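Below you'll find a set of structures to go through.
Two complexes, one shared chain (chain A), two partners (chain B, chain C).
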Partner chain A sequence: MKLKVQLACAAITLFMGAPLYLITLAALSSRRSLNEFPLSLLPTSLSGETMSTFLQSTGILGGLLNSLTIGLSTVALSLLIGLPAGYAMARYAFKGRDPYQLALLLTRALPIVVLSVPLARIFLDTGLYDTTYGVTLLHTALALPTTILITSAIFLGVSREQEEAAMIFGASPLAAFARVVVPQALPGIAASAMFTFVLSWNEVLGASILTLNRRTLPAQVLATLADSPLAFRFAGGLALVVPALIFIAVARRYLLNMWGTTLR
Partner chain B sequence: MRQTRPALLLIAPSIIFMAALFLWPLIAGVTQAFHGPDGPTTQYVRRMADDPYFWEALRNTALLIVVLIPLQFALAIVMALLMRERPRFAGLHFYIWVVPLAISDLAAGLVWLSIFTDRGYLNSVLDGLGIPTYSWLSFEHPQTMFLAVVVAELWRATSLVFVIVIAGLQGVPRDYDEAASVFGATYWQRVRHVILPQLRPSLQVALILRTILALEAFAVAQALTGRNFPLLVGETYQWYYQLQNPNVATAIALVVLALSIVAAVGYLRLMRP
Partner chain C sequence: MAGVTVTNLVKTYPSGNRRATDDISLDVADGEFLVLVGPSGCGKTTLLRMVAGLETPDGGTVTIGGRDVTRLPARERGLSMVFQSYAIFPHLKVRQNIGFGLTMQKVPKPEWNTRVERAAELLDLTDYLDRHPAQLSGGQRQRVAVARAIAVDADVLLMDEPLSNLDALLRLQFRAELKKIVARLGTTTLYVTHDQAEAMSLGDRVAVMRDGRIAQIGAPMDVYDRPGERFVGGFLGAPPMNFFTATVHQGSLVVDDQSVPAPASLASWNDKKILAGIRAENITITQGQAQEGVEAEVEVAEPTGSAILLTVRWAGGELKVQTGPGLRVAPGDRLRLELPAAALRFYDPETGLVLA
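Moving on to the complex of A and B:
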């Protein structure tokens, strides 16, 4: 039994891991070796050429910059709006709490595509079309329900007594929040912020529909997909995968909270 | 209740924001799909239905869900049960298994393109073994094209189900399992009669979520096959971008929404205890 378990685990790890290895290998091979057949499965001719050609292609560096700007603004905006709401969910038993929570869960069932096309029209009328602000607004809307649910779970884990003690000793509610609650909740908030960033980094459909020139990196890759050489596509694949590897390594502890339990 | 006022102040910004970005576009979308220059119209819906690509996309999307989701759930449950056995190198396995959580469907398509493309890694391996190579993604071979999309989606999105099932398993006390084993239940009997029934709520959530997300898949097929394997959301993108017709694009988007709602309600009814 034990041996079978080990073998099964190894097989699944091979299935999950091999494609990651191969895309890295492809993106780090020179253009010339990618034209050979059969391709070598071992890193025999590593080169930064394919990656650097990709990064120098039109729109890629700009796209990278737009993706970063939009990702960071989405994190900031969703925390600004989401943290107070998450705090309220954790600390107050207020009227309308259940319908509010239900509404948060329901918005997750709304396909992005249903929002994107009408939003493009609305943004055209309001001057937000083809701006990083417009995409930030869409991504914040997508991330906000999760941010609220995760942060409320995090605030529930911070002792209420300590917060009240601070207030008894004369701290204002805001000071008690900033100096007692925030430090304890910080790791969880950071994980939630990274979740939001990755969501924004990965979202391609809405970003494609809401922009024309200020494309994000995935939107730029998608738009030029049909006319670009294979080497470009492999490099694009790796560029999109790398943040995922880092994010999962850093936020592993919080995964079950983010994708597991809060989904209920 | 006493504490309603401060709480409402704290949640008010989120309510305003979500109304502006969910409710407003939703209403605008319905208007866009059913309202032409001269009042209410069904012309956009008819144009959508007259397009052969639409029906192909609908068929492909349905086929993808029907084939992918059972495979994905079987694999995810096996993965979760394996983790429960506390294998060696559990940390490393877990990391590799959950990495796809943060990978987009466009990236997944590009990753698997390096494997399935004509001069890619799969054919390189076949060639090395002396087996003739095959054009997996050619439009002349719709079966393997579909297979490639299924494998890429299985790779990318199984980890979401896995994480939900793992979280659910943590709520299943080991004592039940041990008690059943003391009374002589085999491993499969325990899985079937002790563990799976308790996982029901997690599986239900995962099923709803995965089906809705599978309805939204498109970039993976776009990266692997271009428009040779159209999916519903990919068609919205086509109508919006290539054909410059946002009205038809919204009509298709509303079909996706309707299917999502039907799927969610259907599962909730089907799996009611």
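Moving on to the complex of A and C:
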């Protein structure tokens, strides 16, 4: 029984890990070694050549910058709107609270393509088309439901009495929030921020429709995928996977914290 | 230092159709320790939270030290508070927790240190100043909450069931300590509890609350000995006051075939029904062949160590009788009880209010 569980774990890990390994290996190998047969599964001929060519090709560095800009602005904007909303959901019983919560989830029920085409029209009219702002707005809209739901769950974990205590001892409501609630909610806020960043980083459909020249990295890679050599595809894959991996490494502890597990 | 005056305070919660506090007026003198006690839902915590500024009254005013604070936020009322759940901040060390109020007041560092240390010393927390609350026991966390409340030297100290999360033994120890500390500080204190023993032992005065109103207010022993209504007698004291219905007839209280001498003041109630109350410890047992008193049969005998609590049945129903530990009785024994007229209290059987 125990052996079977171990085997299953190993199989799942391999299923996830093997493609990652192969992409990394291919992206970091010299171009010549990719065409060898049989393909070496060990890093025998490491070279940064593929990656550096990839990074130097047209649109990639710009796409990387665009992706970073959009990702970080999306995080900032969704926290700016999402934190107060999450706080309100956690603290106040207001009319229409439950329908509001449901409606939040419903925004995610709309396919991004369906959302993007009318948005493209509006953005064309308002001059937001093909700007990082436009994509930021779309990504913020996509990220807000999770930001609000996650942060409201976190705020629920900080007792109301603690805030009241802070206010009794001389804090204004804002100071009580900043000094008592935020420090305790910080891990959760960080996790939700990273979640948002990865969502924005990986989102490709909306970003492709709403931009032409100011492509994000995944949109750029997707657009040029068909007519780029094999090595480039691997390099693009690695460039897209790395932030997600960093996210998982950093956020793992917080995520476990967030779901109330004590696993380390 | 300042007194607290509450005038005609009314509050109805949006979810409830009943007033949580119903036109309450209350005067707490400077330096007084007043306990608000009552069953859950009687409005005592709501009253305290309105004094604190955590709840807005629908009507009425709150005055602290002669200053109308009804419209002021909690932080401008110059008070401090101990919460039922302690509400200490888990992300701050004990030192920062105790000094939180001083930090908010921007007290300079040297003074901050001395005041935090003084408060910690008063509550035996000196060795724990650099720990986080998670590393403390429940009793120590409660001490941190109290230390935080006294470090700010507020005019008024509010306490919302501060002992209710401690276990019985700790509660008893801390109760005496709390009384000593508050007496030493001389701060005006409003203390909320549902535990009548706590109320009796701590307060300079006790306000017994029921259904959003103050049923009776006075010195603990006054309220205990002379309950102003049936509810107060039944709520205060363990065991609660005994009540029985009797008919006044020519200077005595008649219950079935038994009778007890009645005071002359009941003359106007001749041949009417009346509710009589007596404390368990005021009933005396006469053994032997004596003929005075009323007949009763023992149902249960519970030795409590320092006394014996008897449950007896007589013509008027069930009575709780407290007697010295030396008495030997068993269920089924017949006794004669004396109900001294001086210890009897009389109430209107319909309103439950004391007869003047």
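By definition in this document, the second predicted complex is superposed on the first by the 252 of 264 C-alpha atoms of A that agree within 3 Å, B and C clash if a C-alpha of one lies under 4 Å from a C-alpha of the other, contacts with A are read in each partner's own complex, and residues count from 1 in each chain.
Criterion: a residue touches a chain if its C-beta (ideal position, glycine included) is under 8 Å from a C-beta of that chain, and two chains touch if they have at least 3 such contacts.
Source: prediction; values computed, not measured.
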Between chain B and chain C, whom does A:L144 touch in the aligned arrangement: first, second, both, or neither? first
Is A:A175 in contact with chain B, with chain C, with both, or with neither (first, second, both, neither)? second
For A:P183, select first, second, both or neither according to whether it touches chain B, chain C, the two together, or no partner. second
Which partner, chain B or chain C, touches more chain A residues: B
Where does A:G157 make contact in the superposed view: on chain B (first), on chain C (second), on both, or on neither? neither
Kindly classify A:A165 by the partners it touches after superposition: chain B alone (first), chain C alone (second), both, or neither? second
First, second, both or neither for A:L222, with chain B first and chain C second: first
Can you give me the overlap between the chain B contact set and the chain C contact set on chain A? none
Which of the residues in chain B come into contact with chain A in the complex? 1, 3-4, 6-8, 10-11, 13-15, 17-18, 21-22, 24-26, 28-29, 32, 75, 78-79, 82, 85, 87-89, 92-107, 110-115, 117, 119-121, 123-125, 127-128, 155, 159-160, 163-164, 166-168, 170, 187, 201-202, 205-206, 208-209, 212, 215-216, 218-219, 222-223, 226, 233, 236-237, 240-241, 246, 249-250, 252-254, 256-257, 260-261, 264
Which bits of chain C are touching chain A when the two form their complex? 52-54, 73-75, 79-81, 83-85, 87-91, 100-101, 104-105, 148, 152
Counting only contacts in the complex, chain A reaches chain B at residues 1-2, 5-6, 8-9, 12-13, 15-17, 19-20, 22-23, 26, 35, 37-41, 81-82, 84-85, 87-89, 91-97, 100, 103, 107-122, 137-138, 140-141, 144-145, 148, 198, 201-205, 208-209, 218, 221-222, 225-226, 230, 233-234, 236-237, 240-241, 243-245, 247-249, 252, 255-256, 259-261, 263-264
Touching residues on chain A, where the partner in the complex is chain C: 159, 161-162, 164-172, 175, 180, 183-184
